[in-house]
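Below, each structure is written out as structure tokens.
Two complexes follow with chain A in common, the first pairing it with chain B and the second with chain C.
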Partner chain A sequence: MSLTVKKLSFTYNPGLPTEAKALQNVSFNAEKGEILSIVGHTGSGKSTLAMHLNGLLVPQSGEVIVDGLKTDSEPNNLKKIRQCVGLVFQYPEQQIFAETVRDEISFGPYNWGKRGEALEERVFEAMDLIGLDNSFASANPFLLSGGEKRRVAIASVLASEPGYLVLDEPTAGLDFTGVCELTLLLRSMSEKGICVIHITHDLELALNISDRILIISEGTVTAYGTPSEISEMLSNINVKGLILPDILSLSYELKKTGSIENLTSDPYRLAEQIKAAKMRCR
Partner chain B sequence: MSLIKGVTLGQYIPADSFIHKLDPRCKLLITVLSMILIFISGSFPAMAMWASLIIFTAKRSQIPAKALIKSAKPILVLIIFTSLLNIFFTGGSNIIFSIGPLKASVEGTVTALRMGLRLYLLVLFTALLTFTTSPSELSDGLEAAFGPLTRFGFPAHEVAMMMTIALRFIPTLFEETERIINAQVSRGADFVSGGLIKRAKAYIPVLIPLFVLVFKRADTLASAMEARCYRGGKGRVRMYPLTWGSAENKALTAFVVFSAAVISLNRCM
Partner chain C sequence: MAPVSAMLPRWRLYSWSNNLMSSGTTLYLKGAEFQYPDNEKKVLKGIDLEIRAGEWIALLGPNGSGKSTLLKLFNALLLPSQGCCFIDGINTNETKSVALIRSKVSIVFQNPEDQIVASVVEEDTAFGPENLGLRSDEIKIRVKEALISVGLWEKRKHAVSSLSGGQKQRLALAGVFAIRPGSLLLDEAMSMLDPASRKSFLDLIKREHSSGCTIVQVTHRLDEILNSDRTVVITDGQISWQGKTENFLSISENELKDMGFAKPPVAVLKEELVKSGIIPGSTRSDIGEIRKKLCLLQ
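Entry: the complex of A and B
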């Protein structure tokens, strides 16, 4: 049970003056229970990739396989895939349409055929997961604050109980507390056995919360591995448009000048190492 | 799953050509004249001449034939529909075939073909105008064209500004619509199955967020314009004043000569 992308390529408007190569030969694999972060600069093809994962776009070449089902196959499979891969678009609060929070969140499960008690249950479970009090159920979603709206929108995807959760820049426009709450949510989703695919342009955030990281630049994969492998790799390659976290660049500098040897690439321990190096410098 | 992909009507295709550089007033004038002329010279040879003018212009302005044909596609349905009406309702004595009370005559078919071709040529002509003229140039041209009417209280500047804004936002709105459709499809929305009413209802989750977005955008735009002290047309000067030079004179002369030839060809037939 996993989500596999094999040699995926996609070009917008092929043959027209507005042609844009969005993805080239992208391959990776995401397992249940892990957080995979896809990191890249604006225009690197992250959103295009996200739309391939639940069959909104079908591969022009290569393939996307979800639990053994190919996204470019018959419509029946596509329906199963969409139910099983929940996609939270960038600024998901813009998709809100219902008069009450309850109606908004039940949209997904209702479309997948849930009714009555079961539907109700899904709605309150999702609200619980995302930390929305039950009293919100009858509130008008358009009158909520920005952060609350985003939670309602994410809950509306969670309510369909997806096995894979794809979030396109879910932290965009959130304040620091909002980001922290969201990352806790992602962690708890993955601990529940859900595969979380988290799209971001923030490498530091990705290094802190992910099990694995995929870095894409101009539509191609430039690095793929665990956070410590990635921080090791990034000392050698230069990814266009990617801003390194200060702590990483500092540790690279210290390593270059010989102030620390044997760099542990674990971002959690970098600070400790640097502190130790500073002591030695005295 | 893109329900609205490929809409290119009203799009601008930038290129470095003689036709792109022409003054928008000149292009507007030629387009309006050609519309009138296509309507009064409707014989088949004349239409062939108009078609060749369109092909020549497209070639010179580096517009791919594909884009031109695609742009007229949405209108094509309408044209085919009116042509069908023409076939059956023109009347005439030489009946080709009949379906129940509907009779298709030779006269009707010829009329239908002529009307259909005419409409198609008109659409292609306007498509050429929007392909080669940026929205801001187009509205500048329109403002200049409507200028004389301000004396009778016609708000030329305001109308032109409204057109600019509308044109500017068409592609953005298409993008937003597509994004919202995709988001709802991801949550299991189904726009293709069921009866007419069910399908119409399925669009509610698209239309409401779209309206909300549009109003927000309008609000932001209005604030931004006010913040830059926009007060309407009075006393505004242009960054790029329109200039009517020898290129425009040449283009207009060439068009007039060509039209005269087409009209006389039409008379002789």
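Entry: the complex of A and C
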């Protein structure tokens, strides 16, 4: 069971003067239980890609296959796929519309046909997963803090029990405490077997929290691999809109000159290596 | 008067020669409190803060601590419910001075859509100077210089809707540059930018600052405040910490975490290297400086 994207290409307004290629020949695979970060500059095609993952857009060429179902075949498939792939847009709190947290979160499962106790159960499960205790159920979502609103918005997607959760820039605008809480949350969801697809332009964050990273630039995949593989690769290629995190770029320079052995984006590990190197010089 | 340095951006030289604009604005809050109507909770609880002309202040604090409200006091979008706010000695509650205050103090908001008003790039940039009542040849010059400085001159005839998020954020900045304010207030103005655009945006701010503009920068990311002179932390409507930015960055990682901040990796590295005597304690938390010091060692 996995989400597979094969040679996906997409062009906005094909044949018109405003034609814009958004994705070209993108392929990757996301497994249940992992965090895959998709990193790219503004305008690289990240959000277009996100919309392909649950069939909001269908491929012009190539294919997207979710648990064996293609997004561009029957409408029946699409319904199953949308239930299976939850999409959390940028600033999801802007989509909040209901008067209580309970109503907000039950909107999804209600539309998938849940009623009564089954519906109630879904709501509380989702709240539990996202770390909102039951007292929030009757709260007005508009009066919650920024971080809490975002959690309500994510819970309302989780309530439909998706196997895949796609989040577009989930940490944008959150303070540090909010970012920490959210990254812990993504980890705990992946440990519960959900596949978390995390779209961001923060390479440093991606290197720290992901199992695998996909880097796209101007609609094409420029690198795909584990954080340590990506660290190696990035030192050799120049990706538009992305800057190597300071520590990683310094460690790359020092490695090139032979002063240290391992690439790292962790300041403590870099400092350790520099200390060790200095001792050898003496 | 400070010497007119060759570092000054072109438009600042221009304004020096034309209307002898002062270089930076002084911002001053005395016992300022603020409370939104229909809400019992005070957002600001007695803030005393003096920001000198040409100073770069990093204003930090958790979501909902009152940072944005404080910025709005400075350009008279809001008036303090208690205490007072002075801009270059002018009290912001003097209604007749509001236009003058707004020409001295400009805000760039988090979401550029909030302050883009026209549908064509150059028309949007002209909006500010037009409202200052300037002559049309002066407006043209200001628009050109502002758009060149943010790198959007080639796109001056483009529709605003065709710009990317980062370009819109730079357009919002151009609109503010064209007003030539003595101080620039940035309310998480870089939050929607990718790292490369963030860096070039920050370079524009550095340039403004070096030409004497007062900067007040609200952000959550400590790696953006490395160039600021002073850091002010607001917690729950009060100033909970203030001092030199370098001193703020040398607070230990755990303590900063308790305050709700992530210590920038560069500051961690600097501290570790200083602790073991590899680089001198005077080194700034800046990757370029650390790199230089390390190269000297090799």
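Going forward, the second predicted complex is superposed on the first by the 263 of 282 C-alpha atoms of A that agree within 3 Å, B and C clash if a C-alpha of one lies under 4 Å from a C-alpha of the other, contacts with A are read in each partner's own complex, and residues count from 1 in each chain.
One rule holds in what follows: a residue touches a chain if its C-beta (ideal position, glycine included) is under 8 Å from a C-beta of that chain, and two chains touch if they have at least 3 such contacts.
Keep in mind that this is a model prediction, so the values were computed, not measured.
Student: Quick check on the superposed pair: does A:Gln83 touch chain B, chain C, both, or neither? Answer first, second, both or neither.
Tutor: Once the two structures are laid over each other on A, A:Gln83 reaches chain B alone.
Student: Pick one for A:Glu253: touches chain B only (first), chain C only (second), both, or neither.
Tutor: In the superposed model, A:Glu253 contacts chain C only, not chain B.
Student: Regarding the shared-chain residue A:Leu203, is it in contact with chain B (first), chain C (second), both, or neither?
Tutor: A:Leu203: touches chain C, not chain B.
Student: Which one hits more chain A residues, chain B or chain C?
Tutor: More residues of chain A are touched by C.
Student: After superposition on the shared chain, which partner residues are touched by A:Leu16: those of chain B (first), chain C (second), both, or neither?
Tutor: Only chain B; A:Leu16 stays clear of chain C.
Student: One more residue to check, A:Thr177. First (chain B), second (chain C), both or neither?
Tutor: After superposing on A, A:Thr177 lies in contact with chain C but is clear of chain B.
Student: Between chain B (first) and chain C (second), which, if any, makes contact with A:Thr42: first, second, both or neither?
Tutor: second
Student: On chain A, what residues does chain B touch that chain C touches as well?
Tutor: none
Student: If we count contacts the way the header does, which residues on chain A are in touch with chain B in the complex?
Tutor: The contact residues of chain A facing chain B are 15-17, 51, 54-57, 79, 82-83, 86-87, 89, 92, 94-98, 107-108, 110-112, 142, 156-157, 160.
Student: Taking the touch rule as given, give the residues of chain B at its contact with chain A in the complex, in rising order.
Tutor: Residue positions touching the partner: 1, 13, 64, 66-67, 179-180, 182-190, 204-206, 208-209, 212-213.
Student: Any idea which chain C residues touch chain A in the complex?
Tutor: These residues of chain C touch chain A: 62-64, 110, 164-166, 188, 191-197, 199, 220, 223, 257, 260-262, 265-266, 268-269, 272-273, 276, 278, 287, 290-291, 294, 297-298.
Student: Where on chain A does chain C make contact in their complex?
Tutor: Listed in rising order, the residues are 40-43, 145-147, 172-179, 201-204, 240-243, 245-247, 249-250, 253-254, 257, 259, 265-268, 270-271, 274-275, 278, 281.
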